[in-house]
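What follows are several structures.
Look at the two complexes coming up: chain A is in both, with chain B in one and chain C in the other.
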Partner chain A sequence: MAEVLAEGYNVFDTSKSPSGTVKYLFSPADVISLIQSGKLAEHILLVRGGTTTFLAPALSMGAIGVITMSGAPESHLGILSREFQTPCVMTAYLTDSESRYVVGDTDEAHFEEIAKALDGRRVRLDCTDHEVGRVVADD
Partner chain B sequence: MTALSLSRMDYDVLNVVVLKKMATADAVTAVSGVDPTVVSDVLAALADHGLVVVAGGSALPTDGAESALAATAADRYAALRDDDAVAGLVDRFETTNAQFLTAMSSWQQVDMGGRKVANDHSAPDYDAKVIDRLHKLVTRLGPLFEALAGHDPRFARYPERFDAVLAAIDAGDHDLVSSPTRDSVHNIWFEFHEDLLRTLGRERTE
Partner chain C sequence: MTTTEGKRATYKQRYSEGDDGLRFQELTYTGNFVGMEPVTDGIKGDKMMKARAKSGVLERVSREDVLRDQFTIDELNDLNNYLAWNIWDVLVMRATEGVSGMIPRQEYEILAFMHEFYRWPEILRMTTDEVGGGQGIMDIGATARREIGTKVNAVHDWCIGAVGFGMGRCGLLALEAIKPDDYIEESNEILKFMQRVLWGKRQDGYILNSQDRYRCRIHEPDFIAQLTPQLEALEAGSPKHSAFTQFNAAAELLSFLDHYDCRLGLGDTGPYELPDGQLLILRDLFVNEEVFHWSDVCEDAGLPHCYTLALVIDPEKMGLEEIRVNDISTTFTRPKNYIEAITAGAVFVREKWNTPMGEVYPVKIDDLAEHLGRVQTATLKLYTKTSKMCRRDLIWNGQYVYYVDMILPHLRLAGTYDKACRDYDLWEIDQRIANYYYDITKRGFAQETVPSKIFSGAGYLPFSDNADRRRSKYRWL
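After this line comes the complex of A and B, so read on.
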């Protein structure tokens, strides 16, 4: 059985199970570069938060899947991912780590640990559960 | 590097691009009311200054765009930030915003025995209740729009856009509730929220 690397809130149930190489997007410039590279559909996009508003162009141009490290399914990004039917796992945490996101009380190390573990890794999103979204190793 | 201080026109155009994340000149005109030929010239100048990138006919903000807007807003809206009446209304907006996000989720998903399933919009009464709720939430923003427009008339465009979109929804165009690609209730609300935070010099919270 494939290894579950991370889990989080599943924004909506879907049988879509996109796979791709995780790409950590830190700034608007990262999103622009990715769109201009023409390789948007090859990546599962990892961003820091549900309020990461700069991701919207990527969603509208065909992003296949999104992982966030904070935020709730009711957030703007959650609403957009349902509209675009882009599978999305929010407030993902590493299954082999004790670190968890807590609103207003999360240090940089939490985000860095997740980005380091997932960025560049080939994964598949499993969003079939009505509560838990899973990031599964696909390499 | 010190962030650029923008002219009023540059701010108004760049602000729309940043709010929309990707915008054609026509889209900027539709939201800002600025003449389309002026918008094109301003976008070209903003591109020269490295504040937008034009790709596929749309302008996208660069990493420097938000800091340029923030630096300019600090001066432009200094009086607004000191206005206690605005501050009180903004506090109330936070509650209204949370209610709005809940309403939007209930438009997209229905609670079926504790499980959220996609709203297939087959129950007109349910949808009508959500739309009625959206009307009420938008109406609650009226005093805030008025107070902000007293400092900068561009804020008066928000109630105009909400009036237009709610009228279209009432006429049957329900796609305008949450469409991510049209001037929907969700998009207008989201843009207003982000615009408000920048105006006040505040950050979003998760």
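After this line comes the complex of A and C, so read on.
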């Protein structure tokens, strides 16, 4: 069984199981740069927030999978990833870490730890469970 | 389908009187009911809130009730409590979404909440007067029964009371700018306007979808019958199904972006049961709001004011257990993924907000590719444009989306929008709100204090039992 690196809310259950290299997107310039590179389909996108606007062009142009560090299926990004049928794991936490996202009480270290652990890793998203989405190592 | 094959649809059980519905979340609500059993989400939560009301305002109310100009203090408090729960019900999970990375939404939201509470009452009163009183406002609500592509919809109408009154008053209480018994007359003005629009739209005695087990079946049957002949059959996995669902997603995304990442760009109604037992959702996607200056990129891309999608969902195919069209016009189901259960669809175009219904036209699904291209072009341009804006512009633009757009459709239909701009300085920023701009980023006010008060329900303080209903605010001490 492949190693589960992270878990979070599964936005919608699907047999789609996209794989790719995790790309951490920090700023709108990162998003635009990725789209212009033509390599959007090679990456699972990792973002901090669960809002829609930040990832808007990436979703519109065919993002294959998304991991967020906050938010829930009821968040705008959750709603839109369902509509696009883009597998999405929200409020992901590392399975080998005790750190968890708490609204209004989460320090930078939490986000940095996740970004450091996942950015650049080759992963696959497992979104078959009703509630839990999994980020699985695909090295 | 992946995990629902073989399961029978049970969603109709949700409409039995004794049914409490499913739980969509594990959290519970307390609000002003400290020491009592915590309130759940969904149908059970609605029942609990109604049971705790002191007045009959949360039950079906009559036209005469709605036309009466003043709520009692008990009615005001019941509405305050119910709206606070309803806000929690629809937004508590959304509120976990954290930073945008693009638009400072929490900051613009709190400024808009407070601005609305201060400024809307006299504009809504003027509008009520201009249309001849309460019946005129109910008639504005009723127009939505025979239209698509109209912003007189659940989310806008709900926002009048839930946001302008509920969250606005909550924010000002948290800022200690007002006390619980300030602005009672103004609160009444806002809530009466909301009640009248919603009652006129629903015409079943309720005002909110949550009171009716999350149904928003407002359209007249003969009006629905004019739309359904345009439905085209869609087979899951087929190119046509993909073209329809991709367009739905892309247009919905742009509608969010044009409205600064808020739900005002989206309007679902339904579910309407079709003769063959399938469910119809009508979805308005407002991809080009002409009053926003940044929407010029949508205009340049040749986009209309609104695309309306008719989505037909097969409840048996997905083993549907519950469907909610909530009060911010968004559809959620259990199981969550309804996209693969879409069996038919149609797309309609309303070019301008006031295009007559007779001139709304359908677009064949085979012709959607060209429209999708326009949507994608506008999305990328609007994103690039937005990414270059400074924080202050983003905050005030977002503030306008809430403060103007939430009442814009009602003012347009009343013919009072121009008067509100000219005589009431609608697009000006009140000096009090301008000053709050500097306060909201201190001590985590916008990002922690207000969200916790709003989404926990702890900030919706009741009016005193013996408060004077005529009371405004007279002392700044």
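Simple rule for what comes next: the second predicted complex is superposed on the first by the 138 of 139 C-alpha atoms of A that agree within 3 Å, B and C clash if a C-alpha of one lies under 4 Å from a C-alpha of the other, contacts with A are read in each partner's own complex, and residues count from 1 in each chain.
Here is the rule we go by: a contact is a pair of C-beta atoms (placed from the backbone, for glycine too) under 8 Å apart; a residue touches a chain by one contact, two chains touch by 3 or more.
Values in this document were obtained by computation on a predicted structure and should not be read as measured data.
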| item | value |
| --- | --- |
| Superposition on chain A - do chain B and chain C clash or fit | clash |
| Chain B versus chain C as contact partner of A:63, first or second or both or neither | neither |
| Which superposed partner A:22 touches (first chain B, second chain C, both, neither) | neither |
| Touching partner for A:128 - first (chain B), second (chain C), both, neither | second |
| Touched partner set for A:103, first chain B, second chain C, both or neither | both |
| Partner chain(s) touched by A:36 [first = chain B, second = chain C, both, neither] | first |
| More chain A residues in contact - chain B or chain C | C |
| Which superposed partner A:5 touches (first chain B, second chain C, both, neither) | neither |
| Which superposed partner A:53 touches (first chain B, second chain C, both, neither) | both |
| Touched partner set for A:73, first chain B, second chain C, both or neither | both |
| On chain A, the residue positions that both chain B and chain C contact, one per complex | 12-13, 27-29, 31-32, 35, 49-51, 53-54, 56-57, 59-60, 70-76, 79-80, 82-84, 103-104, 130 |
| Residue ranges of chain C touching chain A (in the complex, touch as defined) | 2-4, 90-91, 93-103, 105, 245-246, 248-250, 252-254, 256-257, 260-261, 263, 330, 332, 335-337, 339-340, 375-376, 379-380, 382-384, 386-387, 444, 447-448, 451-452 |
| Parts of chain B lying in touch with chain A, wherever the complex brings them together | 21-22, 53, 55, 60-63, 65-66, 101-102, 104-105, 108-109, 115-118, 178-181, 186, 190, 194, 204-206 |
| Residues of chain A touching chain C in the complex | 11-15, 26-29, 31-32, 35, 47-54, 56-57, 59-61, 68-77, 79-80, 82-85, 91, 101, 103-106, 128, 130 |
| Residue numbers on chain A that touch chain B, as the complex places them | 12-13, 27-29, 31-32, 35-36, 49-51, 53-54, 56-57, 59-60, 70-76, 78-80, 82-84, 103-104, 130 |
